[in-house]
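Chain lettering (A, B, C, D and E) follows the sequence in which the chains are written, and residue indices restart at 1 in each chain.
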Amino acid sequence: ATLDDVKARGTLNCGVSTGLPGFSSADESGHWEGFDVAVCRAVAAAVLGDPEAVEFVPTTGKTRFTALASGEIDLLARNTTWTLSRDVDLKFEFVGVNYYDGQGFLVPKELGVTSAKELDGATVCIQTGTTTELNLADFFRANNISYEPVPIETNTEARQQYIAGACDAYTTDASGLAASRATFEDPTAHVILPEIISKEPLGPLVRHGDNAWGDIARWTLNALIAAEEYGITSTNIDEMLAGTDNPEINRILGTEGNLGEMLGLDADWAVRAIKAGGNYGEIFAKNIGEDTTIGLARGLNAQWKDGGILYSMPFR
Amino acid sequence: MAQTQTDREIDRSHMHVSDQVAIEITDMNKWFGSFHVLRDINLTVYEGERIVICGPSGSGKSTLIRCINRLEEHQTGSIVVDGIELTSDLKNVDKVRSEVGMVFQHFNLFPHLTVLENLTLAPIWVRKVPRKEAEETAMHFLEKVKIPEQARKFPGQLSGGQQQRVAIARSLCMKPRIMLFDEPTSALDPEMIKEVLDTMIELAEEGMTMLCVTHEMGFAEKVANRVIFMDAGQIVEQNEPTEFFNNPQSERTKLFLSQIL
Amino acid sequence: MLLPWSISPTWGAKSLNECREILGATGREHGGACWGVINERWSQILYGFYPEELRWRPTLTFFLLFVAMIPILFNMISRRMNWLLLVLVLFGASFAVENSALMVVVKIVLGLSLAYLAYTVVKTDRDDRAEQIKEGAKRLPNPLYFTAIYVFLMPWLLWGGSIWSPVAAALGFLVGWLAFRLLAPIAGNLASLILAVIAAGVWWLLLIGPFTGLMNGLAPIGLIPVESRLFGGMLLSLTIGVVAIAASLPLGIVLALGRKSDLLIVKWLSVGFIEFIRGVPLITLLFVASMLLNIFMPPGTDFDIILRVIIMATLFASAYMAEVVRGGLAALPTGQYEAADALGLDYWKAQRLVIMPQALKISIPGIVSTFIGLFKDTTLVSIIGLLDPIGLSSTIRADLAWNGIVWELYGFIALLFFIFTFLMSRYSMYLERRLRTDHS
Amino acid sequence: MTTMTDPHRESFRLSMLLYDSRYRSMTIQIVALIGFLTLIGWLFNNTAQNLADLGKEPSFRFLGEAAGYDINQMLVEYNNQDTHLRAAFVGVLNTLLVAVLGCLAATIVGVLIGVLRLSNNWIVSRLMTIYVEMFRNVPVLLWIVFTMAVLIETLPAPRDFRGDDPSATMYLWDTVAFTNRGFYIPEPLFTRSLGDIHLFGDAMLRFNLSLDLIAIASTLLAGILISGLFKKRADRVQEATGLRPKTWYWRLGVVFLPTIAVLMILGLNWGHPELKGFNFQGGTYMRNSLIALWLALSLYTAAFIAEIVRGGILAISKGQTEAAAALGLRNRRIMSLVILPQALRVIIPPLISQYLNLTKNSSLAIAVGYMDLTGTLMGITANQTGRELETVLIGMLIYLTISLAISAVMNAYNNRVKLRER
Amino acid sequence: MAQTQTDREIDRSHMHVSDQVAIEITDMNKWFGSFHVLRDINLTVYEGERIVICGPSGSGKSTLIRCINRLEEHQTGSIVVDGIELTSDLKNVDKVRSEVGMVFQHFNLFPHLTVLENLTLAPIWVRKVPRKEAEETAMHFLEKVKIPEQARKFPGQLSGGQQQRVAIARSLCMKPRIMLFDEPTSALDPEMIKEVLDTMIELAEEGMTMLCVTHEMGFAEKVANRVIFMDAGQIVEQNEPTEFFNNPQSERTKLFLSQIL
């Protein structure tokens, strides 16, 4: 089973993007950071007790699924859209959604475009090997307008073409657009068009067939989300460990019940996961939140109580 | 041709042929594809005999002696060398080859090995002789061919005549009982022919069984017990040298001798 | 245009924005390279994510590679010089490791042998060599021994782990050889060869595990293991290139012999393989490595991606190598085969002692060109997501600080490749010239 | 040939399998074959089992399903509702397009540079050496992404052509626009066009063939054939009288005049590109991905071809030139009668293997988003359908076919011109 | 060298030198870079003369005769061939070259053309002779060199001696008035030397003006009017052959002759 393999190996093999600002990037010493990376670290912390016990495997849009299917990685945490065919036909199991996204368009302000429907005849840069190119084809066909797709392998190249004006518009998940825009010399000269042409629930995934391992990943993600909901942060978690009067918190932190044991882990698995990079909100704020250069608003990704759709399943 | 003769007189007493058979070829035929190179060859070579084979180009001389150590396969008839019949059994072939030494027209020394290494290669790997012993033997034969001082050089650094002498020494190092020579002097400049022939004459004096394809008639007269004339794949005539040269029987032989002498 | 652009005082910048500020301050808003990225990331482009404190290992590996290649590439260097170089490299390397009692001893030993070798080099150069040869002065062992050892040393140095794994792998060859030696007189060459291969196979498949386990228990010597994913940049390109070329050489020889063989089935298998590999683009083979190779293996095997890439690169190179070796074989006069036959050497001995040494020597320029080609082609692994220099360049650009940098990275990488391949191609041209003069 | 007669008629012994040259080769071959089949069987078995575990039985049905994605450059009509197979066909055509263009350009540049490298002018030959070394010693992938970056970063975007005071202008009387999306050049249009014919109905390989093009091509071809007749006549006159009549103006005339006439009859005019909306409309559009790939591949390969050409000319020994000069032949004739016919024999085989390399390297199109076979079939199709095994297999077979076709041409040529020796 | 002599006797009456000058070389000097290959060469060749040039390797023999048809350019002095001075005027060069035939050591036949095409190439393209006529001439000269049956073969299919004879025929097809030979036999096997020398002797009998660099002293004795000995770029000695061989004047000549005879 995957869990045993991971434990025996002592490291978690986690597939991430080869480089997407805010979501996954490596610094000069090869230390990986980012929103997707944090999921890997949380799982590693929960399972192995060490958020650093992760081998990051950079994958491209093309190679990610084979890497997972072949067992080269245990968990794929790379902005991957949860779709029926990937779930069923490609035989993967999405363990949840860590970012609710949708495909949007980024255009320079000077074009004067206000709606994606005005993009008739435009040249659109698009990352290949993703759902975006199918969405794009569908969108333009539905609106009966033409476009010129420019397929591109990586985000950095897309950005390069877009900035130079080789494409009129850049389409990918809105989060990615915002992330890219943030790094432009003059971010205010570009707008993200209001149309979001697809739902893109991005989440980590594992192989079909090893439900125990899928559960661990799923509940680690849930723990991060629930932690935010219940106000457990990396700073106050030690106080809370002393015991709170909220039984759900206690169950999450393993001071009550035996949820960890059910998962095949020890009692404070979730504590370690949360300590690894903080709760969902902390991770978000640190990597892609409004105070970072990426500057994404929580939007749909706010807790359900705050008007978003982020909703952790109950720990019970 | 005058310059190729030596002044020493060969000890003709050795020339008495023993009655031990070294090579026995019976009704042997060979084809290259549909081309009949050797026709009904019958030849018995006794131990200690020195045979010179001559004949026009393309008559099958090389092919005949290459059959004797199975560089070529014959198709019908039999070849028995030193009591071992050459068949498709590879073990026999190996045995025969280690009894028979061969010297080629173009020396075919191994250019990546020093002279000494050329000489010791086969003794070490085929005869499994210890290196030291092999080197001693090699030096002995190098002295015999009069170039011990070249032992550490590479073949490319030697003159043609020296190379051919090394090639002879290399064959001798395997202590063969029979030596085959295929035009050993024809790729050499005239000055070098003599030194090689001298070496061969010395070998002959020691009673080595030799088969030699050559057009050096001076050599033939001096050392051969028998001269064989081949034409169109057949042995046309064979005889004792003086008889052969002075009194050839067949027309073809006469014609040939008139051309080369 | 290029020159003023490249002369730019941005070496110390920590991000693209900082570059822009520096350039703005000097009054050059447009134009001006941002060299800060090279300053910050050059070692990453060279080593990838290889742990910084262990980078002496790949460095030493490639220095040693050079030493190991000397007896093959430059046959005018004497054995003594070669060993001297080796000890020199090791001595230098010993300073990169922190001092322990053991290291001090090692250093002293190395230093002494260095001095001794240096002394003998000077001495032999002065004294008459011919005299020495006559006296039968002892020669140092053939440096090719080190080359053979290096084949096992290299993976160990690069990937680390217990020393007993490479030793055990090497012992497999020893087992095979011993089996051959012992059986040959009894069973004959071909049979004993087959048995020897089986013996070695048994060792590698069955006995290697217990052996390493045992030895690790007895003497746990080893280096810190380094995962292959941490390999990147030039280190990755070189590793793939060198390992694939080295591994493809024996394969290529076998294929070349197969292609020349008069055994029809063997011939057609070889031709089919060679033409297939040469007929498809390398990138499709890399797709096989990244997407399919694990599917071809028994369920449960999991080669890591770099190993898979090396396997496919080896197959790729072996097809080209086969053609190079075939060219070398064709250049040999038939007289060499005949002379070997006439001396009673069997097929394999003739190949090993007479044919291959010459054919391979003739093939060295071709092998070097194949290596250059393969080395350049290793950049294709960026397409399947490995972080070779080109792959790294996009990773670096994904860093917020350097998002938008193009020319500096490409320029630097191009320069690195240029230096490597230019030197190698010059060397191979020199060899070709020398081979030509050698022959005439 | 006669049959083998073995005088001793030994009975068959087992050891003869190994030590009898008659049986040994058979033994080895059978062992090799068994080994090979075992290996294949083992691989098949593993694959079947692994695929079964993954629940993906090999099937080629996906090829008939709608692709769903768009391809920007298509030589035959295609939309995202066409099948994956059709998409692959579009990809193959794109591969062939860049391969053919690349081979042409590489040959022209390579020959030029190879000849210039032999020039006596120190500066010229040195410059050419620098070119060759620069391109040979840097990976082609780097050249491809580099060229793409140059195109994108240094050329103006279409929007720079807009406005009253645009920062970029078109060239050649506003007929050509170089933008960082690609080049827009005039396109031939025919007012009295003959129309198209549709081939292969609805099949996957269907495509339209322009009758105009056929008409022009056949006129041109006829012109060339007639010009060949002129040459033949000149040869005959020379054989008879020794003097060669001048015919080049006739030959040019019969090639070009009828073609120009046909163009006039068809009503040739040019469709100029014009900036409309986001992009230039009208004219022929060469995408930057195609240009970058084409340029990089052909410049890179040209460096190798230059070396081949140089080597080929140098390989023809100085003796040949001297012998020809001593016979009184002039330089031009020495070149055309003695050196080139021999040099070509040396040059062509490695040249064709460079064509092979170029074609194979065109698979790097993926790095600049050019939708060739690798980008469509082995790229998007494989990714969207998860059929890696099938797509890679088909892709390899297609490349293999192309390569084998090129090698077949090479071998045929080689055998035809081989110098006869004894 | 004995085997290279023919039994025919040359008609010495032709050897009387006419007083028409064929080649006149005056104070000619030539340098390769800073290396002075030819020093103050003065040489007058009369029509019908047959001159043999000999001398140690590197003495400038080849360079001298290559200057005569301007395969090399001389720097000072003058060379007048058949009344035409060799200057940088290309027309003169062309005229001279079509008057002067040259045969090289390595034949330099065009391997991609048949023997017949080799022979007709220059007549057709330089002399503008109709092909039919050119072929007839070619066959005539092929018969003269005794290999008409090889006309349709490619040079690679011929033996060395045959190739050299084709090369001679090729030069003759241009109907030259002067023939230059640069060691025409030194790349040949001994058996083939004779056939080439025979061809040359025949030419000599017909009174062709010939300059021949060769070390075949038998040939020199038989056909030359004059033997020229060169050393270190200078003409050291020239004389009538019998005198030259039996009674050499300079020390260097004596030394040289002692080495090669």
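As a convention for this text, a contact is a pair of C-beta atoms (placed from the backbone, for glycine too) under 8 Å apart; a residue touches a chain by one contact, two chains touch by 3 or more.
Just so it is clear, the structure is predicted and the values come from calculations on it, not from any experiment.
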| item | value |
| --- | --- |
| Those chains which touch chain C and also touch chain B | D |
| Chain hops separating chain B from chain A, counting only touching neighbours | 2 |
| Chain at maximum distance from chain D, centres defined as averaged CA atoms | B |
| Angle of the C-alpha superposing rotation, chain B to chain E, to the nearest 5 degrees | 165 |
| Chain nearest the global centroid, as defined over all protein CA atoms shown | C |
| Relative to chain C, chain with the most remote C-alpha centre | E |
| Computed distance of Cα centres, chain D from chain A, in Å | 43 |
| Mean-CA-position distance for chain D and chain B (Å) | 57 |
| Where chain A and chain E are represented by their mean Cα positions, the distance between them in whole Å | 88 |
| Inter-centroid spacing, chain E versus chain B (mean Cα positions, whole Å) | 42 |
| Multi-partner residues of chain C (each touching 2 or more other chains) | 291-292, 294-295, 383, 406 |
| Residue numbers of chain D (touch at least two other chains) | 19, 24, 54, 149, 153, 366-367, 382, 388 |
| Of all residues in chain C, those that touch chain A in their complex | 20, 40-41, 43-44, 48-49, 52, 227, 229-230, 232, 290-292, 294-295, 302, 304-305, 383-387, 391, 394-395, 397-400, 403-404, 406 |
| Contacting residues of chain B [partner chain C, same complex] | 69, 71, 94, 97-98, 100-102, 104, 106-112, 121-122, 125-126, 152, 156, 170-171, 174 |
| Chain D to chain C touching residues, read off their complex | 18-19, 24-25, 28-29, 32-33, 36, 43, 46-47, 49-51, 53-54, 133-134, 136-142, 145-146, 149, 153, 356, 360-364, 366-367, 374, 378, 382, 388-389, 392, 395-396, 399-400, 403-404, 407 |
| Touch list for chain B against partner chain D, complex | 29, 31, 33-34, 75-76, 78, 85, 87-91, 93 |
| Residue ranges of chain D touching chain E (in the complex, touch as defined) | 238-244, 317, 319-320, 322-330, 333, 337-338, 341-342, 345, 419-422 |
